[in-house]
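This is the structure I want to talk about, given as C-alpha cells.
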Amino acid sequence: MIIVMHPNSTAAEIGAVIAMVQKAGATPHPIYGTERTVVAVVGETSRVKPEDFSRMPGVEKVTTISAPFKLASRESHPHDTIFRVGDYRIGGPEIIIMAGPCSVESRSQLLETAHAVKEAGAHILRGGAFKPRSSPYSFQGLGLKGLEILAEAREIYNMPIVTEVMSPEAVPMVAEYADILQIGARNMQNFGLLHAVGRIQRPVLLKRGMMSSMEELLMSAEYILAGGNYRVMLCERGIRTFEKYTRNTFDLNAVPILKQLSHLPLIADPSHATGRWDAVIPMARAAIAAGADGLIVEVHPRPDEALSDGPQSLKPERFVELVKQVKRIAEAMDRFVPEPVPWAPQAADPAAPETHTLSSRRRVQPKV
Amino acid sequence: MIIVMHPNSTAAEIGAVIAMVQKAGATPHPIYGTERTVVAVVGETSRVKPEDFSRMPGVEKVTTISAPFKLASRESHPHDTIFRVGDYRIGGPEIIIMAGPCSVESRSQLLETAHAVKEAGAHILRGGAFKPRSSPYSFQGLGLKGLEILAEAREIYNMPIVTEVMSPEAVPMVAEYADILQIGARNMQNFGLLHAVGRIQRPVLLKRGMMSSMEELLMSAEYILAGGNYRVMLCERGIRTFEKYTRNTFDLNAVPILKQLSHLPLIADPSHATGRWDAVIPMARAAIAAGADGLIVEVHPRPDEALSDGPQSLKPERFVELVKQVKRIAEAMDRFVPEPVPWAPQAADPAAPETHTLSSRRRVQPKV
Amino acid sequence: MIIVMHPNSTAAEIGAVIAMVQKAGATPHPIYGTERTVVAVVGETSRVKPEDFSRMPGVEKVTTISAPFKLASRESHPHDTIFRVGDYRIGGPEIIIMAGPCSVESRSQLLETAHAVKEAGAHILRGGAFKPRSSPYSFQGLGLKGLEILAEAREIYNMPIVTEVMSPEAVPMVAEYADILQIGARNMQNFGLLHAVGRIQRPVLLKRGMMSSMEELLMSAEYILAGGNYRVMLCERGIRTFEKYTRNTFDLNAVPILKQLSHLPLIADPSHATGRWDAVIPMARAAIAAGADGLIVEVHPRPDEALSDGPQSLKPERFVELVKQVKRIAEAMDRFVPEPVPWAPQAADPAAPETHTLSSRRRVQPKV
Amino acid sequence: MIIVMHPNSTAAEIGAVIAMVQKAGATPHPIYGTERTVVAVVGETSRVKPEDFSRMPGVEKVTTISAPFKLASRESHPHDTIFRVGDYRIGGPEIIIMAGPCSVESRSQLLETAHAVKEAGAHILRGGAFKPRSSPYSFQGLGLKGLEILAEAREIYNMPIVTEVMSPEAVPMVAEYADILQIGARNMQNFGLLHAVGRIQRPVLLKRGMMSSMEELLMSAEYILAGGNYRVMLCERGIRTFEKYTRNTFDLNAVPILKQLSHLPLIADPSHATGRWDAVIPMARAAIAAGADGLIVEVHPRPDEALSDGPQSLKPERFVELVKQVKRIAEAMDRFVPEPVPWAPQAADPAAPETHTLSSRRRVQPKV
C-alpha cells in the first residue's frame, strides 16, 4: 500500500501515519520527495486497511497494490481449474454448451426443448424454476414443480442441469435437484447466498452483475471459494451502459482479462448479453474466439410464446446452426466441442405421461 | 401498447398479430400507413405482454405506453404519502434527518455518535448491524449484538432507528429492533427480501441500486406495496458511472422525477452518493433544494478509525454545520427541519455500564 | 510516480526501471518489500512519463500522484478566479443567470425571448447561431445572421451574449459578436478549437462532454489557459448514463469537487442536464445549493414550436418563477442574484423593423 | 410516429395535436382507447418532428418508428458496400488488417514498423501525424513531417496509409497524403469535419465516439454520405463504462448490429478497445468471429519507448502471432486474409538516408 501525503502536510501528520502503520504491524517506509512525502507500507500488511489511512489529516490518497482477491487469483493458483460436471470437463480444452429455455414453463415445453438442444449438441440443460423478475406482476417461475421437471429431463436426456437459486434457504432444495447452481446477475452481491453456496459441494455458475466490475465478480467468487466450494464458473452476461440497441453491452474484454487474473473457468452468455436472438450466433462465436470455456444459451421451441426472454431466445433450428459454427471456431483455437454423451431415444416422448417416481427425479450424486 | 410492423411484413403476419391481441382479450386497432402498419392495442390490456409480440414474425418493435408500476405511481395515488416514524412525519413539509455511523462498531462508538447527532438536530439514528461487504475478509458487522446496541441507543436518546436487513429470514428479527428497515442498494432486486418486507408492518427505506434505473426502483417499491406494506421511502444514493473522482454519481434528477412519478417520500444519501466527506454538506443542501424529503448521513466521531466508510463520514462538528445549512435551505423552500423530540440527558453517559435488560432493549411498537 | 513491480520481477528488471528513471532526470527510490518491490520516483519528474514504464518487463502498474492539470488547479492558484462580463462579476458571491433560446430562430423570436428573460432578471443572453446536430437533416442554425440578431438584442436589452463556436476558423467571427464564447459538450476535446479560443481575449464557457470525466474537463480548460486566455468558466451540463427518464444525468457532485480542484467559476446547465422542462426549476435550485456560480437556462416563448430542444425549454412565466426561487436559495447561501443593469424600454418593440446598422450590431469591446 | 396523450388530456388538446400533424402535411390517425388516446402519424412524414409534439399540452410521449439515418441504412441500400483501397477490397469476404504505430515518432521508427507489419501480413499502414491528446503538455504529433514520412513508407512498402485528420481546414492537406482519412473518436461529432470529409473523394474510417451510441455513429456516417462521399468504414473502438481493468469496453455487439442496420464495412480496433497489449490478440480474434470486416491494430517495435499508447501496442513478434490466429478464425468463417501485395525489398533499408523527393512522397491517386 502506498500512502501519498498532501504537498503541505506537516511532519506531525506524516509521523501519525507512520505510527499508525506500525500499530497495524507493518513496516512504514517514508520517501521524502521535493514536493511530497509518500509512505510505502511493506512487511506484514494483512491488518493494514486503506480506509484507515485515507481520512487521516495530511493524507491525499491511498493506493493499494495487491488485488483484494486471493483464492480466486491466478497468483495463488497458477493452473487452470478444471472440474467435472456429469461426464463433461469444464475449464480444459473442451467447449461446453449449456442450453435451454429461460424459464421452465411446462413439462412438455421443457422436454421438447431438452430434446432439441440435446440433439443439436448441447451438453447441459438450463432452465429457470425460480425467476427474478423486476415486476411483481410477471411470471415468477414454477418453483419446486419446475425443479422436478428439470430432474425428469435430466434422467431422460442424460444431461446435467443448471438452474438458478435465489435465496440462502432455497440452496439445499435446489442443490438436491441441480448439477450446477446458478447465481443470477442481480444476486452477485447477495452475500448471504454466496455464503450458502460456498458451504455446499455443488458447482456454481456465478453471473456477473450488470453493473459489477470484474474485480467485484472475482470478490464474489472469493466468497464462495472461501467457504470451501472450489468449483466455481464465472459468467460474463453483459453489463449495463448507455447503448440502447442491445439489452446489455457484452463485455468480452472480460474473457481474456478474467482468464489472466483467475484460474476459474469462464462461461459466456450471449443471450442476455445481447437481448436479441439475431445477435446471439455471432456473439457466441466471438465469445469462444475470445477464449471462453463455454456458453449458456437460451433456446425456446416457440420464442414468441415464451413467458420470459422470448426476444433473445433462439429457435431450435438456429441453435443447430450455432453449435455448428461454434465447433468451427473452437477448432480454429485448437479446442473442441465434445460429443454429447448418448441417451436412450426410446424414452423420449414428450407427450408421454409423467411416470417417473419422485425418487428417480432426484439427482444422483455427480462424480466429483 | 403499440406494435410496429416491419415495412415488408406480410398480411398474414399482421393478421397473426391481430389474432394474438384478440386471444389475449384486448382490442387490436391496425393502422395501415404508406410504409408500415402499426397495431395499437386498446381495451383490457392486462394480459397483453410486450414480450409475447416482439418475437412474432414481421414485428419490428413493441412500445409500451403505461408505466409498469401501479401502486407506486402518482396516477393511482395523486396525493403525497405521509406517515409517521416515532414522533416525526415523513413526506410532508418536514425535512427529516437520519444520521449515524456506517456500522455499529461498539456500544461506546454508537452511543457517542448517537449523542452527537441528537444534539446536532438529527431525528433518526442510522447504523448497520449487518453489513454487505464486497470482500469476505472485511468487517461484516456485529449482527444481533449490533441490533441490541441500536435499541439501547433508541431508548436513551429517544430516537427511532433505521438499520439494514439483508435476507428474508432476518426480517422478523431486525423488525423486532428497528423502526425502519433499510433495503440496501445491492439488495434492491433481491425479490425474496422485498416480498418479506412487504408482508410486515414496518416502514422501509428502499435504496436505489447503483445499477438501477428509476423505473426499476419504482418496480421494487411496487413489490413491497403489493405485499400490503404501504410505508415505503425511496432513497437516492448515487449510481455507478465512469466518473472516478467520486465513489458514485449522485443522480439528483431522480428527486424531481421520482416525486412526479410517485407519491412516496424520498430520502437522499449524500454520503454514499459522493463517497467523500468534503462533498457531503454541499450535496445535502442540493438534495433538499431539489425537493428531497429527508437525508441519511454517515457520521463517525473518529472517521479515520471507522471500520467502514470512513472517507465519507462526517465528524460531529461538521454534521452540526450540515444541519445548520440544511435548515436555511429548507426555509428557502418553505419547508422546515423539525426540532428533535427531547431526551433525558442524565441517562446518557456512554461510559456507563450496560444496565438495560434485554426486554428494555426491544423495540416498543411504534404508533402507526 | 510510483512504479509497482510484479512479485516475480527479476533484479535485472528492477535495475532497468531504476536506470530508466535516472535517464529521465529523476531520482528513483526503490523499496524492497517481502512480496514486491516498488520504485518511487522523486525529484525533477517533468520528463518522467507513466507510459514509459508501464510496458517495461516486470512492471505491474504505474500510479501517478500529481494531478495532470496545473494552471487550472487550485494548488497553483488558491484564490477563486473572478472576472467581469459586461457589468457583471462571475466567480464571486454573485449568482449569474444566462438565459435564452436553444437556437436563434428569427429576429422576432430572439427579441421576444430576450425581452422576457431580461424582465425576469437574467443577466446574460444565450442563443445558438451555429448548432451541432446529430442529424444532417436537422436545423443547423442561422449562422452569421444569427450572430447579427444576437448583437442587436445585446444593444437593445443591454445584455452580454454567450453563443457557441464550433470550429477554429469561426473563432474570430464569433468573437467579434459574442461576449462569451461557448465550447459545446461535443467539442470539449476538439483540441484545435481549444487552442483557438486560448489565443484570444474573450471569456469562454467550456461545457463538460457528456461522457467526459471531471479530470478531462480540467485538462481541456488547461489547453485554453495554457494559450493565455485565463477567463474560463467550467459548465456542468449532465453526463450520459444508463438512466432513461432524463436526457442526461446531472452530475452535481462535480460542483463541489470542481470548486475544490480548481479556481475557475462554475456554471450549471439544468436544461441539458435534465432534458425536461418540468425538472429545470428544482435542479436550478439544487445547482446553486451545491455551490455553482451561475446558471445557463433555455427559455422559449413557445417551446412546442422550438426548432430544437423544445422539451427542455421553459416558458417565460416559468423562468420568472425560476429566478424567484433561485434568489431565495442564493440568500440561504449568503450569496445573491444581482439586479440586471437597466435598459431603455422604448427601444424594445420586437415588431419594429430592423433599423440598426451593421456597425452598431458589432460588439463594443468589453471592459477587461 | 406515435403520439401518446395523457390519460386526462382534453378533447381540445387532442384536436390541437391532430391539427398540428395536418399542418405538417401528414395524416393523423387517432385511436381512442379506454384509458388514453394515441395519435398515429402516417403518410408524408418528412416534415413531422417529434420535438414539435412532445411539449404540446396533453402529450405524454412521442415515439418514432423509423431510424433517423437513411443513406447509411440497409433498408435504403440492402447490399454490402464494398470498395477498393489500393489493391485491396474492403467490405467483401476479405479481412483487411491495418497496423502501425499510434504516432509517427521518427522516420526510422515508422519505416521499421512498416517493414515489420508488412512482413507479418498487414495490408494498410496506420500512423498518427496529428494526435489528439487530452493534455496540452503531451506529444502532439509530427504534423506535416509525419505525413511525409508516412507517404515515404507507402512508396517503399507498397502499403496504402490511414491517418487521422483533426480539423476541416486540414482535410485537403491530409487527403493529399493519405489513402484513408481517419476521423478519431473525439471528433465523431465534429460536424464541420464530417462535412469536410463528405465533400472529398477519399475513403474515411469513422471511429465511434467513446460516448456515442450506435445510432449516433450511423448519423455521423450519414453526414459524410450526404455530402457525396460513399466510401465510409465504421470503426468500433470501445466505449466508456464503469469497468476499470480495461481502458474501454469493447462493444462487440455493435458488430452484428451495425452490419444488420447498415451496409457499410466495419473495422474493429482491439488496441484502443482494450488498452492492454495482452488482450489485443484474443479480442482481434473475437472481433473477426463477430463478423468485422477488418482490424486496425497498434504495433510498435519498442512499446516501452513509445511516445503514446505504449501499453496497448503489440511488439512485431506478437503481431505476427495475431495475423496467424486471425487467419484461422477467418477461415472458420469462410472468409480469408488476403496475401499482401508484393514490395521491392531492396528499397527497404530503414537506415538509408532520405532520398525521395517531395513529389515522390506525395500520394499517387488511388484507383477508385
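We call the chains A, B, C and D, going by the order they appear; numbering starts again at 1 in every chain.
Just so we're on the same page, contacts are C-beta pairs under 8 Å (C-beta built on N, C-alpha and C of every residue); 3 or more make two chains touch, one makes a residue touch a chain.
Given the structure is predicted, the values throughout are model-derived calculations rather than measurements.
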item	value
Partner chains shared by chain B and chain C (touch criterion as defined above)	A, D
Distance-maximising chain from chain A - centres being C-alpha averages	C
Contact-richer chain pair [C-D vs A-C]	C-D
Centroid distance [mean C-alpha coordinates] between chain D and chain C, Å	28
Between chain A and chain D, centroid-to-centroid distance (C-alpha), Å	33
Euclidean distance of C-alpha centroids - chain A vs chain C, Å	42
Per-residue multi-chain contacts in chain B, two or more chains	211, 240-242, 244
In the complex, chain D residues that touch chain A	211, 213-215, 239, 241-246, 249-257, 260-261, 273-274, 276, 278-279, 282-283, 285-291, 325, 328-329, 331-333
Interface residues, chain A side, partner chain C - complex	2, 4, 7, 29, 31-36, 38, 40, 42-44, 60-61, 63, 65-66, 75, 211, 240-242, 244
Partner chain C, residues of chain D touching it in the complex	51-56, 68-69, 132-137, 166-169, 186-187, 189-192, 209-211, 216, 219-220, 222-223, 226, 240, 277, 303-306, 308-311, 313
